[in-house]
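Input: structures, listed below.
Two complexes are shown next, each including chain A; its partner changes from chain B in the first to chain C in the second.
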Partner chain A sequence: MNTYHIVVCAGIVPDPLQTLEPVTTPAGPALKNEMMLPAVLDPWSAHALYEASNLAAHFSGSKVWLVSAAPKAKLQQVMMNIAQKASFELVPVDAPANGFADAHSVARTLSETIESIAALDRSSLLIFGGWESASRGAGVTMQLVGEHLAIRDQFHGVDRLTVQPDGSFEVLERIEGGRHLVSVCQGPPAVLGWATGNLPEPKNNPQVGMSNMRTIMPALQKAKAGCLPQNVRYVSVNPPKQQRLTRVIKDRSPDDIAAELADWIAEN
Partner chain B sequence: MSASTASSITPVERQEMSVDIAGVGFGPAMGGFLTTLSRRLLNEDGAPRFESTVAPGMPLQVICYERADGLGFGVSGAVTRARGIRASFPGIDLSQIPMAVPVKREKLVYLLDPIGASRRSVVFRVTDRLLRMFGRIVGLQDHAIELPFIPKFMCKDDGMIFSLGQFNQWISEQVTSSGVVQLWPGMPVSEPLIGNNAVCGVRLIDQGVNPDGSPTEGFVPGMDVRAALTVVADGPVGAIGRKIDAHFGLPHGHAQREWALGMKMVVELREDSRLEPGTVLHTIGFPEPEIFGFLYVHPERLASLGIFIPSWYCSPVRTAYRYLQHFMLHPYLWRYLQGGTLKSWGAKSLQESGLRGEPFLAGNGYARIGEGSGSTNVLANSGVDEAWSTGVQLAEAIVELLENKKPFTRENLEQSYVRRRRESWVDKESKAASDARNGFQYGVIAGLIGTVLTGFTGGAVSFGPRSRRTVKSLQSFFASRIPVAEVRKLVEECTKSGRALHDRLMDRCGWPQIPFDGKLLITHQDALLMGGSVQAPSGYANHAIFSRPELCRKCETKLCVEMCSGQAITRSEEDVPAFDREKCVYCGACLWNCEHENVEFRAGAGGLHSALN
Partner chain C sequence: MELMPKNILFLAHVDESGTALPKAAFEALGAAVELAAVPDSVLTIGLIGENVQDSANALASTRARIIGVSGVEFARPRYSTDAAAAEAICRAVRPEIVIAPATSRFLRVLPGVAYRLKGEVDTHATSIEAAASGILAKRWFYRQRVEAVIQRDARPWFLLLDPGCHEPWAGAAGAAHVESIEVAVSADLQRTSFVGIHVPNSDAQTIRPDAKLLFVAGAGWCKKQGDSKTHVPEAETTILEFLQNSGASLGGSKSLVDQSGENQAVLAFMTHLNQVGQTGSTPRHPKGLSTCCHGEEPHVVGWRFINERRAINLDPNCGWARGKADVLYVADAFRVLPKLSALLAKK
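What follows is the complex of A and B.
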């Protein structure tokens, strides 16, 4: 029976349903009042966590670590929401809130943190993470983490991982045109940047939560300080905009409405 | 047929977990309780002070479940004297909490009706006419008069303005970072576990069910969490508090009859705003004389503003959202608000019976704290600090019982917790305030006079109690303004179209249309979308149930529809209101606005989430 050591790299983001407003601070661009906004585990990373938890549940002896670089107080809040959903050991890095962190700095911090986990066995190591980010992904962080760790087998935009009887695994990666690329990997170590996967959000399980929290709080108390992006100059930033134009319109055909929507999307 | 939960259809096997103390609901009361308790659970060397009885060798297991998906989703812009809160944080500047600021300027403002649509009694009309006649002398400006003083009993000029969402978030960070208690948001508690005249824990909500409560493929029965002590702090419409009341009853002579719906917005004021952070405005007189309003100014050009619709306002269509918009558009306030942007919106029910509605504060295995325990001071209109203080009192009592190795029996809790509460300023001031609202059952003028009399005499003089004012029929309430036949026609039209009746009636009574600007003046549905996020995770049952449809069919007014803060309850052609969980902000107004007591308001997931409220 295979066993896996799965490290999930997961950022936190302001709840995407809140209004995000960019501001310029002495430390560079940031989101206005980011520390006041409720935070969630980046939805792409959350899929990776649920996939990791599911994989570990099927292979006895496997274990999941969650590595996250974020402000400790916000991370603590997010843990209260996700720790009831999956078993994991948190490895936190207390990093400042920064909506526009440089992917290279983040990847370096994450890979150094992963290397510092004493119990990890490279021969069973799978690095999971989000292929993208809900609010500020550069789309390269997981790839850079893999390069720092010298892991050559990398898969991005993953929707499914199936372990074969011989220990290899089949991976479905999203490619253009709504199709998947099917690859077979001999085994760990590998990096998998997940798309949405196929699993629903797990139900809350209070026993899992209580068990997780016994290690999460001590880990947070001992969290090492993380990085700040250095020597990076931001030319411009463009967070997603929330735009609403509400009108009451009667007696228009669906075609007209669709055409207007298409024009509006094209304009914006 | 009424809906059934999965567990009531067939008995299911439930997982069990045991803890020492289980808390329900995270608000100011639970914040006060856990802040105080968590500081006393460790010795100076960091070793646990008390051993768990359910997990020998482990520290005391304390857990708290909150229904909402986060701990910072309280709906209130609070101005409070913060006596209890300050006492819990000596030496800490509370203005470090985001959006918090000390009160600097407090005013009571009488708003005249600039439109002519408000339902004003003769006394109000005469007062308005005299004020307009002598406007220059009395300082009338923008259809409003700033009263020269605020009665001392209302005054909070030594207090703090908080965003309760940010306050709760800050408190939760302090509490959880101690590592000795666990807080779990997103986990509604469906019912107390009651046996042998004692509460022995709580049952968590079933997951993986259809809206009608029937199990789906992913059905996970709610776990039973057994606890030596259950701390109930789930607010005025919380399922656990109400089920405990239903089982054990209320103390003789007590009743929870007085309610209000508070609806608010957080507004980012325009850049040249002249409103100073720390400004507090209390208003009376508009949009209706029965509706009181407020505006509190936070730092960074943010302001909380809102109105209260009381249960003694006998309108059969007493709505809130449109009244809130007319309130904002009053010239006295609009001069500040024009050009502002909505940042957040919310609504909640307030239990305004005070001491008269106090339940049993403790019983075998349970204790009640906060607003649901009748702690709100109905004279000072103050609830946050009182709720906090009841939590502190319970925590001190629990530590005393733990130190003396006494069980959490009714007798022990009464000698420790209830005694502390009775001896505290919270109870003494509540007693003085207990009859302050009686006058409102006679009318708004009598109510104001009664409040002033009670306040100035320390509760010695007040109006006597009177039976609750009932909501008038549509025909009777609008008799002087709209012909009966036209009211009937409007009801029929709204039933067919699903539109809100109050809007049509307000139009007909001369209230002008709202000039939507897409930023602050927006439709009710846009407020739900722009004022936070209303979430209804799948796999949970509907929580607003109309128990006996035949009663709904007979009900003409359907106040549940008109008062629904999120327009989640709508008229349907079957004459039984339709409920859309995806719009419910969990304010609980439907519960107390149903005159037939036909709404079952269960524990539910989701609701409105905004951390700015």
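What follows is the complex of A and C.
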């Protein structure tokens, strides 16, 4: 039976329903009232965590670590919810990471943190994370982490991982036109940047939450401070200005609306 | 450091046909050629594929030096071999700026190549231009909610240009000379094997990147209607007929695609791949029509690159009415869409 050591790299992002307004600070661009905005685990990272938890549940002896570089106070707030959804050991780094932090600095911090986990066995190591993010959305951090750890089997935009009887695994990665690239990898180590996968969000399980929080709170108290040098120079940072003057059409018959839409669709 | 780069590398890979470059590559080449028009700049083209000669011939009139890595090991996307090929080309050219199309193949691999070369990388660029202060790249943050113009001092700086953001380069084909680079493919680069491309059944192929129209279905299609019953089979038929008659690409709101994970009645052809918005895609189409979708901000950020927007919704106060659509029809999509399909079928 295979066992896996799965490290999930996850950032936190503002709740998607919040209005985001960029501001300039001495440290560079940031979001207005950033520390006050409710935060969630990045949606792609969250999928990666659910997939990791599911994989570990199917292969006994496997273990999941969640490595996150984020402001400690915000991370603690997010953990109150996410800890109830999957079993993991949190490895936090207290760092001022946001969407404007440089991916290269974040990747270096994550890589060094992963290297510091003493129990990791490289022969069973899978590095999971989000394919993109709801902050930078660059889709480069996982590749940089993989390169730092000298892992040359990488998959991004992953929707499915299926372990085969011989220990190899089949991976489906998103490509253009709503299709998937299908590959087979001989086995760990590998990096998988997840898209949305196929698993629903797990329901909250208070018992899992209680168990996780016993290790999460001490880990947060002992979190190392991370430094994220800024390599990017921001020339301008602005919200989109376009606001449309919406024409609201009421009391029109379906035939009239259909005719107007048909003409609109046919226009060049 | 000099503000303007002298050595610019354009990187591309051969597409699945094995003989041509993807459309996005010509767009990125257009940006690279513009950048290289600055005095003293030199453009080099690097190509990767099983056979790169046909693609090189198509670019002959750029008069740029063309370097290629070819062979059967480079026919299909694979991180290890693609990275080795791109790294070899970059080491041969020693560029300051690398411009490449943001295809799934290059988005997967070029960040790792930038790491190996001690460079830095930015993806999803929407414009790349030369200014007095140096190279400026524009890209979005927070899923199309904040737009920034950035610069970097690191070299090489890899920039991956999103499709649809630049006029494609066009020029006459000719006989190009390709300088071939040999890249050794050791066993450790072959731990991953290509199996195939999984394509949805032809009648379920609803994502059409080149379509003129994006059609978005919201969760309302699967909700109880005026008779207090759901009409999912009718919704499926109506939507598929519309897609067939309009040639539109199908998108979905998160609330609709998530219903499949919540064991609710769902549209059989709607998957997470169709999802548009904050946690989905941000497609580029000239027009978009939304139906049975409230137009909340997390969904509408996925419409950033849809130029003309119309919506059909029963709620006159939905998000679309608040400056997010050009026209909102307050109507029942179940009644409008069959009539619209019939009109389009006649046209």
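To be clear about the criterion, the second predicted complex is superposed on the first by the 233 of 268 C-alpha atoms of A that agree within 3 Å, B and C clash if a C-alpha of one lies under 4 Å from a C-alpha of the other, contacts with A are read in each partner's own complex, and residues count from 1 in each chain.
In this section, contacts are C-beta pairs under 8 Å (C-beta built on N, C-alpha and C of every residue); 3 or more make two chains touch, one makes a residue touch a chain.
Since we're looking at a predicted model, the values are computed, not measured.
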item	value
Touching partner for A:Val237 - first (chain B), second (chain C), both, neither	second
Partner chain(s) touched by A:Leu220 [first = chain B, second = chain C, both, neither]	first
First (chain B), second (chain C), both or neither touched by A:Pro200	both
Which of chain B and chain C A:Arg152 touches, first, second, both or neither	second
Touched partner set for A:Ser60, first chain B, second chain C, both or neither	neither
Contacts of A:Met35 with chain B and chain C, given as first, second, both or neither	first
Greater chain A contact set [chain C / chain B]	C
Residues of chain A at both interfaces, chain B in one complex, chain C in the other	17, 19, 200, 244-246
Chain C residues touching chain A - in the complex, by the definition given at the top	77-80, 83, 103-105, 107-109, 111-112, 114-116, 120-124, 133, 136, 140-154, 188-189, 191-200, 205-209, 212-213, 246, 258, 261-262, 272-275, 278-279, 287, 289, 296-298, 304, 308-310, 312, 316, 320-332, 335-337, 339-340, 342-344, 347
Chain A-facing residues of chain B, complex	15, 17, 61, 63, 69-73, 98-99, 166, 169, 172-173, 176-177, 179, 182-187, 204, 207-208, 218, 220, 223, 225, 343, 516, 518, 522-523, 526, 529-530, 532-533, 535, 539, 609-612
Chain A - residues contacting chain B, complex	15, 17-19, 33, 35-38, 73, 76-77, 80-81, 84, 200, 203-207, 209-210, 213, 217-218, 220-221, 242, 244-246
Residue ranges of chain A in contact with chain C within the complex	13-14, 16-17, 19-20, 22, 29, 31, 43-44, 99-100, 104, 134-140, 143-144, 146-148, 152-157, 159, 170, 172-187, 195-196, 198-201, 231-240, 243-252, 254-255, 257-259, 261-262, 264-266
